[in-house]
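The structures come next, written out as structure tokens.
Next, two complexes with chain A in common: one pairs it with chain B, the other with chain C.
What follows is the complex of A and B.
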């Protein structure tokens, strides 16, 4: 039977003859793209840090990192910028979602036709600055691919802490460490920021892979005091961490601490291979991080090493200066014990210049490494500073650490804003005193670690910022109170940081039993004979050394606080490691 | 016709460039007159090795790949891979994300059916339909562009949920498109489903043996077109299909027409499903974050997950050995069964002009056959 209806109904389509088409329009009008359209890339070159995460995640291998004119490598910036091959790109936008700084985005631009293959290579932001106006697909805050929150560190409660010198930071548990390590994007910017250039992405990767032994091996490759660093390092690495731009940086320090704390005896894991003796002797003056680092790696290379230390134990400032609640003594003992196993000879309680002469050490050894640190405190230059109970933080901390009894009374004022000042304040709290910190600038200007400042506040330390000490007032030769004036911050015309200027008449008196000065230290070169001093080049209190830490006297090498300006443990370790190269080169011509 | 002409067997090559369907494959036909005596399918023009490529990529890097497995309908791939991983990991997906996924899958089904309507009518010589349906499909693609940033490859569904929440006012615009498409169905009916030419070409043509269909592994509209109510959305509900009101659509006849009618009714049903999804969609997050993709290890284990795609049951077998990359991802697509083994069986005795017509009705998708 004929299907008449079926033959006729299709003709109803004729009614559309006059309809305006919606797919093709003449003359060609550009389609309005959606707000999230994924077209060509745009990169904010200023915000980009060249971490290369975009390049790593790109499954088409369409992104490579290249050098650009006008973009210089700097701390926390590799100096590289992404270049996109639009012939390979699939516009999935994973690079955008993974970008730690949020500098990379996709635009609503999508047209490009050319017979020239090279024209498909696009350096986003440089080749298409005009597309800044066309940004469409951007990183989402609510659906993040990266984890911006740090696994919190467990700590003793503030009230509990001041009762003893027990370690404040409790360390990560295994699960916590794995989770924290997983946040890393392996960009390696931290490596360039670390004075010692430790293998950070490698050991973090190993921790994430639950391979703590490998992590330890990477760590010990160029740092023989990692457990110490894991607890007290100034962690310049974390300040440049890519994740830190939009979130909290990876807890690199805590992860290093975790890895080292997994093994009671590093020797059992590292199985260090000690080279056969090469017959050369090196004497090291000062058993701080610089001296110990130089000694350890030199010993591994077959040198005969002796370290001379004035105090009863190796460690330098990490032993005498850093309070035990930050760096417990058994942890120090563990690391020193391991070095002894490697064959480093350690002579304690021997002050060079007093118990043994510098010349003798120099004569007995083929080279000398000087790592004496900064142990002489700057004085405040105030009237009344020589009163009884007006003391210096480094002396105070040393006495406490060495177990001497120190009477600081009930009320203490600490002057200064660095880590030493905070240490002195927190130790004073543990000795039962009420503590005030007097600092000439604002809290945010304090050179101390922010975690230390927070810790001090948690423990009840009172901070008086913009307070300048004017006079220590005494009674019967003993400290009675301190007079200080308030300051206002005045912008520096030369572009430097704002200076504190006293406000006239705004003076206060604080009743105190003890004044602790902590405004810096310098080196003590009195042990050096005159002819050595004449030859040794010293600038602004620091010995001048070359790349390989050699001083102006060829057989004398130096490192640590008495050489570098950063004056922290990791820089000292870096100096020691570098000096190993220098001494090897000098003595063995290698 | 002379006796010689009648007996002479000729080899005819259909394809490999878009043999009446989208994608590249070739059908080698031995014909006498215009009757196919036997035929062989030849594939290999589109093999990109996605399954193997995934073994060399981080888990997260697999998501931009899988959508390419089926060009007209990428979303079930994304959804399957995501759900496979979630099943191994035991990762929860936020409720809102499940609703959004369901909406995406149904919109994708509708877009695919529109493209199929164009192909099916085009291969019957009805050329107005493709102009309409491809144009109307663009409205859905516009929605995808707005939602995901991509028109064809959405890269939107990933493990833990979806990539972005709905833009402001999106639901309203979806409803508008749904209303429009519902209205258009009358036109489609007049032009295709009630068209005498189509009925003549489709009814009683391309019959699948109903008793063998399940044994052969036929799925989707071709199976439901045999009157067998098989639909993964009902058999093993995933996302939020069990919270929605809908019934499996079947049609008796086992021919091209019955398969077309299944799709026609399912298109209408999808409109209703998306509306229900929009009505019931809760507020809340759309993504449950996983580890940093660069260090993301899926725990050792395996999972087989399946989705009802527009072409039928679509399955992913995902195996992880606990490392950064998949150990194996195997894709079970309906197009291999329909477009290769089933088609070869059906070719015998077929009219040459019906080959493309039937391939269309089976939902053959060469990119998915080859992967």
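What follows is the complex of A and C.
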């Protein structure tokens, strides 16, 4: 029998002609790509910091970091930007998920054909600015591949703290340090902000690998006081940490502390090689971080080093200023002890200009390094300031640190908003006083570290912001109270920060036993003979130096608080380290 | 028994009545995880299919638990009646990863098993035709194993496009900007 079905089927299909199609619509509508489609990359070039994490993570090596016209390196920005080889990319999206700033994304654009192989190299954001409108695949918030939360640091609680000078921060334990170190993406941007440009990613990497000895070597390569920095550093590095853009920065300071605290004697690990004597002598005035750092590395290079220090111990403000609950003395002793081992000669209790003359030191040495810090406090400029019990924070802290008994009574007011003010307040709490801090501006304007401010508040320090002291009132030559006025913040027409302006009539009196001034210090150059002073270039109280820390007098080098504007320990250390190069260059022509 | 997960609880009960060693966890509404012994896995999924209506094998996947020295095969099953998704997970010794094929229960398992065989190197006993999946003449470690070095492979396999010679190392760039040198203590112990 003939099968006619095959002949009829084509005709039966005709009946569909009149029906509306289910699948294809006319006129043709372009369908949207899937919501999280992964096509070409887009990069927000302003947000991107050139950390290179995208490039590091890409398993296809599709991403290069390159220099781009118009993108400058800065603190926290390498100045490089990613370029993608779209011939290699498999659109896995790892680079996007790992980008710590969230600047990188993938778009829903994916069509590209060209006979020119070079056209497959794309600088996201630069070559395709228009694709900003097509961003489709962004970093996942719900399942981040980066670890944004810092391993918390254990501390004594506020009520316990004020009972003694015991160290407040307890330090990481092994497991905690390893976990914290593993959060690092190893980009090195932190190095841009560290005044001393320490080898940060290298030592964090070693800590993550449980290789603390190697970490210690990296750390000591350009910082001879790392345990101190591990406890009190102003940690500018952490302010630019890539992870800090969307999460909490790596606890770089605490990790350094962890590594250094693993070893009671750094010498045993570092086995420092001390160069043979080169016959040159360098005298150092001031045993603070600047002088010690210069001294240590010079000694390693075979110089004959003597440090002259007015106080009974080396350390400068880190010994006489920073309170023991932040920087315990045995930690300082450990670090000074190591320097002595390396051959740095230390002469304590010797004030240059009084116990020995500057000229004698200069004559006996081939070069001199001056690291005298800022030790003369600014006065408040108030009536009643010279009353008994109206004192200066740096003097007060030094007396307490050196073990002298200090009577501050039951009620104390501290004037100032920097770290010195906070330290004076927290020490006063430990001596049993009720403490008020009077600060001209708002709390958020305080130059002190926010952790210090919080620490003070936890310990029961009362802060009065926008309070301007007007007069210290006395009774029988002793402080009885302080008069202060409240201020309002007035925007500065010239674009500067807002100024506090007294509110007429809003005056208060606070009964106090002691007034502690903490509004800044300056250097004491009185030890320098007149001829030297005439020749030495000093601007706004600071010695002027070149790149290698040489002053206007060729054989005199200088560093630390009396030179730099950042006035912290790590800047002083960095100055000392640089001066080593300068002095080596000057004396050995290397 | 909470009514919120009534179906899930009921399924859990049934499973445990039949297979006491199955570790059943209700993840959320419509989602159940089961950890199971690898030895009698086919019997278990067959039970789920025939008695509890998990008719649809959605997919199979494999996780490399390198640190535990184990592979984990995950069977995703779906029941249209209960509207519940079950993930059955079994662990295999990573040194000798052998699993029984379930291709007799679901035809499409054949394809998934071929893929897992190729990507992770797991053997499937009773598979009707284990041949290359998408890789041809692959002789390296199976590429989805975590100890497969993707970057090394990429380096030796693909050419570098010209025009990429200007690439910079971020760490070196930063070191140069600040005139510092990064010593190598890591490799010079």
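Please note the rule applied: the second predicted complex is superposed on the first by the 559 of 590 C-alpha atoms of A that agree within 3 Å, B and C clash if a C-alpha of one lies under 4 Å from a C-alpha of the other, contacts with A are read in each partner's own complex, and residues count from 1 in each chain.
Note that in this section a residue touches a chain if its C-beta (ideal position, glycine included) is under 8 Å from a C-beta of that chain, and two chains touch if they have at least 3 such contacts.
Quantities reported herein were computed from a predicted structural model and do not represent experimental measurements.
Chemist: Should A:144 be classified as contacting the first partner (chain B), the second (chain C), both, or neither?
Modeler: first
Chemist: Once chain A of both complexes is superposed, is A:91 in touch with chain B (first), chain C (second), both, or neither?
Modeler: Touch status of A:91: first partner only.
Chemist: Under the stated touch criterion, which partner chain does A:275 make contact with: chain B (first), chain C (second), both, or neither?
Modeler: Neither partner.
Chemist: Using the touch definition from the top, say if A:33 reaches chain B (first), chain C (second), both or neither.
Modeler: In the superposition, A:33 touches chain B alone.
Chemist: Touching A:533, do we find chain B (first), chain C (second), both, or neither?
Modeler: A:533 contacts neither chain B nor chain C.
Chemist: Is A:59 contacted by the first partner chain B, the second partner chain C, both or neither?
Modeler: both
Chemist: May I ask you to decide whether A:192 touches chain B, chain C, both, or neither, giving the answer as first, second, both or neither?
Modeler: second
Chemist: Regarding the shared-chain residue A:121, is it in contact with chain B (first), chain C (second), both, or neither?
Modeler: In the superposed model, A:121 contacts chain C only, not chain B.
Chemist: Would you please give the residues of chain A that touch chain B in one complex and also touch chain C in the other complex?
Modeler: 59-60, 186, 205
Chemist: Contact residues on chain A for chain B in the complex?
Modeler: Counting only chain A, the residues touching chain B are 2-7, 9-10, 12-13, 21-23, 33-38, 53, 56-57, 59-60, 90-94, 97-98, 106, 136-137, 140, 142-147, 179, 181-186, 205, 208.
Chemist: Which positions of chain A touch chain C when the two form their complex?
Modeler: Spelled out, the residues of chain A in touch with chain C are 50-52, 55, 59-61, 64-67, 73, 78-80, 83, 85, 87-88, 117-118, 120-121, 186-189, 191-192, 197, 199, 201-202, 205-206, 211, 214, 217-218, 221-222.
Chemist: Give every residue of chain B touching chain A within the complex, in rising order.
Modeler: Contacts found on chain B: 57-58, 60-65, 126, 128, 134-135, 138, 142, 145-150, 153, 155, 161-165, 167, 187, 189-191, 194-197, 199-200, 285-287, 289, 291-296.
Chemist: Can you tell me which positions in chain C touch chain A when the two form their complex?
Modeler: 150-151, 154-155, 158, 161-164, 166-171, 173-175, 177-178, 180, 182-183, 185-186, 189
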